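Chains: A, B, C and D, in written order; residue numbering restarts at 1 for each.
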Amino acid sequence: MAAAQAVSSARRHFRSLELVLGLLLTVGMGLAVLFSGILFPDGGESMDLMARLTPPFQSLAHPLGTDPLGRDVLARVIVGGQISLTVGVLSVVGAVIVGTIVGLVAGYYRGIAEVLLMRFADIQLALPFILLAIMFLAILGTGIDKIIFFMVVAQWVQYARLVRGSVLALRDREFILSARAIGVGNGRIIFTHILPNVLGPIVILMTLNVANNILLESSLTFLGLGVDPLIPSWGGMLADGRTYLQTAWWVSVFPGLAIMFTVLGLNLLGDWLRDLLDPTGQTSR
Amino acid sequence: MQDQAPRQRGRFSESKKDHPMAGFILKRLLQAVFVVLAVTLIVSFAIRLSGDPAIMLMGGGNVTEQDLQNIRQALGLERPFFVQYLDFLEGMITGDFGKSFMGGTPVSMLIANALPATLLLAFTSLIVSIVLSVPLGVYAAVNRGRWPDQMIRILSLVGLSFPNFWLAIMMVLLFSIVLGLLPPSGMEGPESFVMPALTMAIILTATNVRLVRTSMLETLSQQYIMVARSKGLRDRVVLYKHALRNSAIPLVTYIGLQFGGLIGGIVIIERVFNWPGMGTLAFDAISNRDYPVLQGTITVLALFIVLINLLVDIAYGLIDPRIRTE
Amino acid sequence: AGTLTTAVAIDPGSWDPIDTFLVDWSSAANNIFDGLTARGADMKLKPGLATSWEFLDNNSRIRFKLRQNVKFHNGEPFNAEAVKFTFDRLLGEEGRKGPQQSNYNSIDHVEVVDDSTVDFVMKQPDPVLLTKLAGYGGMIVPPKYIQEKGDAYFNMNPVGTGPFKFAEYTPKVSLTLEAFPEHWGGAPKLDKVVTRFISEANTQVAELQAGRIDVATLIPFGLAPTVEKSPNLSLISITGPTVVALRLNTKEGITKDVNVRKALIMGIDRDAIIKAVLLGHAKPIASFQSDLSFGYDPSMKPLPFDLAKAKQMLQQAKVPAGAPVRIDFRGNDATFREVAQAAAGFLQALGLKPSLQPHEPPVLLNDIIPNGKTGEAWHNAWGGWTFDYDNTAYLMYHSGEKWNPYDNDPKLNALLEKQRTMYDVKEREKVLQEIARYVADQALEIPLYNQNTLYGVNKRVKNFDAPSDRRFRFTETTVE
Amino acid sequence: MHVSSAPSREHGWMSDTANRRSQDQALLSVRSLSVEFGKGEGAFRAVKDVSFDVQPGKTLAVVGESGSGKSVTSLAIMRLTDYTGGRITGGQVLFRPDGGEARDLVKASDAKLREIRGNDIAMIFQEPMTSLNPVFTIGNQISETLILHQGLGGRDARQRAKELLQKVRLPDADKLLDRYPHQLSGGMRQRVMIAMALACNPKLLIADEPTTALDVTIQAQILNIIRDLQQEMGTAVIFITHDMGVVAEMADDVVVMWKGEKVEQAPVRDIFAAPQHPYTRALLSAVPRLGSLKGQPFPKRTPVMVMDGGVAKPVGETHEQNTADYTKPILQVDKLTTRFDVGKTFFGRVTHRVHAVEEVSFDIYPGETLALVGESGSGKSTIGRTLQQLVEPTGGTVRFDGRDMAAMSQGERRRLRQEIQYIFQDPFASLDPRHTVGYSIAEPIIVHGLINDRKERDRRVHELLEQVGLQPQHAKRYPHEFSGGQRQRVCIARALASNPKLVIADESVSALDVSIQAQIVNLLMELQERKRLSYLFITHDMAVVEKISHRVAVMYLGQIVELGTRRAIFENPQHSYTRKLLSAVPIADPQRERAKTRIEGEIPSPVRPVGQEPAIHRMREVEPGHWVAIETDQLRGAA
């Protein structure tokens, strides 16, 4: 009966528009980005100044047109996914790891760790993020590694707060208490009982933040703090294309669509993953 | 002195018993002071690491070390960092944030001009976002799993997929240039609020809709909602009186947290819409390494963020009597 | 009659001439103040508040005859005292706090001869002083007004002798000027000139398209076609003072070798960049100056684009394939971002591995360049406002200068120092040209182009005499 | 199986014509009602073809095991199933508020339904804690109905609300109107719910397990109130419960539901006297009856009737539970005190304490079951938790196997958690929802390093599952895939996994259906006999206590007021509080005279300002091993 239930629920999930759409978008985007080296061996760098700003859908050589330097927009969108996804994913993974550990410790052991975390979070909340980014990058210099590092520094607090909140709520739940009553030690309680139960909200925040961070890279480029413009990235293309919106819309619209599809795909998958992580299927979606 | 202290403490705890809120607010105020101090310290220190305003002031032209030295002296920058910082703190207490390095305008005057613009924008967009996200979120929750729900959720994700500056430029193209309805930038009449506020509101709404939806779903499964229905109340009353007020707590918390992010986003929105607010002020101050202006603006912004969060905590009490009376 | 609205990128914050170095300051304040000399839209020097001048005592004294019956906007008379006050202030304590003093350090002091005559006593010769007197720190300010109201007040409420007088200033928003009918050069035709501060190019253009500003000054080349295509707008593109080069690291990396540097120059098709990226709104240059500059040598030709030869030279210099070339540049310069990518494309074609490192301008200017932390090349855009090659060359090539972190060439130093003491215009020009040739010979930089000044102008604006240095003077301009 | 068509169904019930006549007069006639959840393949029929009538002014009890469709039926009457994702797939709900034309609520418009809800038909729900909206005042929530249905103005509504609160015997009604739900105790909240439901003098009141979550004494109060009001206003009541004692006290007629179907309907006396359907018989056989072990020295296991494919089968044997060995106690608790700091000043100084446990002393012997009884908040769980080292004691000593716990090393204390096991009240809440039950059962084995081999461990888990009457393949399931009774078995299996000597069972059977409850109680006793386990059995249910315990300790406000053998406590209760507890237990026998004693008031709060310590009762020994607290005025006043 349990198996039947699982199958029927899986089927229900599969039937859902979201999962199909999410999978299609994420997997498609992921594969394209992964194999961009094979698809576009030039890395979207070949320039043809004479063929600049070719409109899309007119030639097979440049199905999505070319940019102001005559580079192929399609190639750059696909190749650009590497940087964007690297920035988005690595920064989030870093922040999740740091934030989760701190949040677990602060929420479970309370005490000084918690006080420090909370004050730290207050301070970071009160610092306007973009301004901090500008200062931070002005001091450290720009670069993908620094942008990722900065995002980790700026965002781990979000996870720490979230995890701490969930841990506080879980701490006094009866199943934690009963694990303790059995004689389960703190470390084991944290990692086998608390962590799996806070994963759901973390996944949701993560998928939202991947999107957020891809866009942040774009905003930094807008402010002149982005990464090497030779390395295509969605954010950079979007920001650089803004001067051409009236004369060559395709330069920024296609990277914009790429971001949109990825964000959509990731979030739909994230929602689904959260349900999957929750065998009870109780959490409201 | 010594025998006075305990009595004072006694009196304090006495009054505390009468007003449980007072102690809480006092504690939060102390925390707020700490946060603002820490923020100013970090910012003052970091900005000094990131470049010398003397060179910025000289415009990078024909300068000698002596010229730079002169300027630093005139601006008081040759003193040790802590002396400068304490000086800044001292001024801050009297509301004097010093003068801009760029042209010597008093920082307090710049802030007085810019703060209302930013707050107006921030609150307008917050309100617009709430007005948009609450009915949409409720509607999605009520129709959970059906197509209106899916549409609202997917649309909200689309709203999250565009950087704010891009959205802003697109709006300008549409409303100012193609349709010629609204001024592309500046803060003049009420019509100049529409686009900046809408741009920010769209981005806020995208997240808020999901939040309203989730917390509504949670509330709607509560027994008291069924009880309210069993009384024969209209759906609207059940949803917007009984359910929404209970769902408001996570929403209000989130809005408090959002405020910091809102200010961050405002830097870019203000730039695109040439909005004469704190974001512009702070951004220019960083570009110019205009320490007094940056310190002043960040302090005031931090103060506001902290204040908003304090208000959020107080709002809890208004929304939820369990917090008020305990 | 009517109001003209312009937009500039930056609010200078203060309208005091000694406080600023920004072109944007001048775009607005050139209407408020007069200097002793003046420069027209054609960049020719002409009399301003001084009607004539002569060099005395072996060039160590310059005597100015002042214009009579000139009044400041507040009614205060303009006279020799005002000139002396202006320069005492500029060269004294107050001037020390600002960036302008160092431009006028060659002046020892100003002496009043009589009410309408002043003498500038020089510390050292300064061939470009007369040009400098036409703008910025040399603009004449009212002594009584400043003494009475104080400097801080003056910053916000400037008073000069110019054709427009100060009406209103809202920091970060706009400056409004009103016509000053008693101006010595005749009453301006406009009632009002409003200068708005809009730092985002897209926004300036949008405002221009919406008809809410008449003259836009911030037009990245990518937006030029947008302006051109708008029926009610015209794009004005004129030779400007700004030259752009990729300066090269002569101390480290592959660019240490002069032949490699030359190969890099030849490997980049600058004409193609000008044509495609800059849409023709620029001119190729052979030295780091525009053809408006004193010291320009029309006979000097840039090294031609020759990919094959460049490759060959690199090979000869034993530059390995994929050798890195890092270019540091200002991240907020939208136009150069594209130029840099195009240039990098050519470097790639040479078999090199270019990378572009954007910086926040203060970091680039404060740290990366002066401390010699650049890569093989860095972006240098230079707007020689004096239109004199000295102002560029000395700062760029003399050892120990902030803009010259790597090179130390005694010969170049000597030449640069020599021309600074020369008053003979022709001789000095020759030395400057020699410097330019020597620099080109050493290939200290990749001279890219002389960038045009672009204005987007609403067609209702008439008689707009577009100045290439953006120092507007709207005396004759009218709007429909 | 369709019991309704069997001729024996007519036994003791009305003839066909009488039936029709009653139908004409019935206030509410439910006809072949079916309710479904979900769609397509996943569709699930929660209620199948259920029919019954409710006569004006009478009480119809609906009983049945958990999940049998009682709540769904009651929600469907008001069409509230619309909001839970349910669909009425057939049948009629004929409602005749004023004896006139019947209206089918299944087909009624939303507007008409809203008119009826809260006005003609009102409902009280199971959970008093969650039935009131926490953010509105009591006054607001009661007035709302009055304003909506009776068109009263704000002030009149408030006045009427006050009268209603007085009617349900809430003191200080005026002040209560401005209070919020969280400021009220569970019993008070449930009375507010009743006031709210009765606000518009409904013709029909549906009460869905209105007292299940409450203490026995509070339950007795609430039942009295409902009964009195029903008489006064002539309201018909549908009373849903699974407590046969409550049925016996309240109902005129009884409907028995089983697996979504109505299997039996009869007047209350007939149901008890001559149950027809096997399920009804099974249900009744499982009901613990207070006093059933009168005169017997030991607790006793008796067979339980269990439904097996539509027939009731007896399971288990009759067996005397003579397992206790009184030579040497396994656990000695001496003057145990546990307090919690609450209220703190700004500077962190404690102002108030909860005196949860005050100088409690008792022993437990190997193979013995000591029951700890008392009302909510009396400190029972706190004792258990202190023994399990989940809470730090404030004072007193605890000796396990002769060793003082306070003197133990860290390692010994950890080992103690192997020898003492705790079973929590709520089996669902105490199992991690994200792990399989197999994992949960194996966990104590892992953490105490009892079996390191994986296969061996799996075998042990399977063995444990079988011991508690589950199957080995259940190990792979998640908690939510079990029924409540099964989950509690899992919890028991987990508690046994580490071979404990003492098991603390904290309300472990309180949340279960009577038949499941009886099975679990039997299981516990069986295990006790087999493994010589000692139990500390914490509960408030006196009937279960009688069945399972060797000795009983009665707690009141943190202290033990009476301690003695089971017989002594049940047959010779000395303390007034013990007597009150016993008299509040509903007796599952409609023949019996209803208890006349009215119980009023609430237990005082154990929260005290710092410095005001409670007085400690002195105990006296009334007979060997039977200790009673000397009653003080304070206690007598409250009781």
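We adopt the following convention: contacts are C-beta pairs under 8 Å (C-beta built on N, C-alpha and C of every residue); 3 or more make two chains touch, one makes a residue touch a chain.
Here the structure is a predicted model, which is why all the values come from computation and not from measurement.
Counting C-beta pairs in contact across A-C and across A-B gives the higher total for A-B.
Averaged C-alpha coordinates give centres for chain A and chain C that are 44 Å from one another. Between the CA-based centres of chain A and chain B the separation comes to 23 Å, rounded to the whole angstrom. Chain C and chain D have Cα centroids lying 87 Å from one another.
Computed centre separation for the pair chain A/chain D is 48 angstrom, with centres defined by C-alpha atoms. In chain A, 134, 138, 223, 242, 245-246 are the positions where the chain touches two or more neighbouring chains simultaneously.
For chain C, the set of residues that touch two or more other chains comprises 202, 360-363.
Pairwise chain contacts present here: A-B, A-C, A-D, B-C, B-D [touch as defined]. By the touch rule above, chain C contacts chain B in their complex via residues 10-16, 19-22, 96-99, 101-103, 151-152, 155-156, 170-173, 196-200, 202-203, 206-207, 209-210, 212, 360-363, 365-367, 370, 391, 395, 402-403.
Across the complex, chain B meets chain D through its residues 9, 12-13, 16-17, 23, 26-27, 222-224, 226-234, 242, 245-246, 319-322, 325. Within the complex, the chain C residues that touch chain A are 201-202, 220, 222-223, 225-226, 229, 272-273, 275-277, 330-334, 337-338, 340-342, 344-345, 348, 354-363. Residue ranges of chain D in contact with chain A, taken from their complex: 41-42, 388, 390, 414, 417-418, 421-422, 424, 426, 429-435, 443-444, 447-448, 476-481, 491, 494, 498. Residues 50-52, 55-64, 67, 70-71, 74-75, 99-100, 102-105, 109-110, 113-114, 169, 172-173, 176-177, 180, 183-187, 271-274, 276, 280-281, 284, 287-289 of chain B are the ones that touch chain C when the two sit in their complex.
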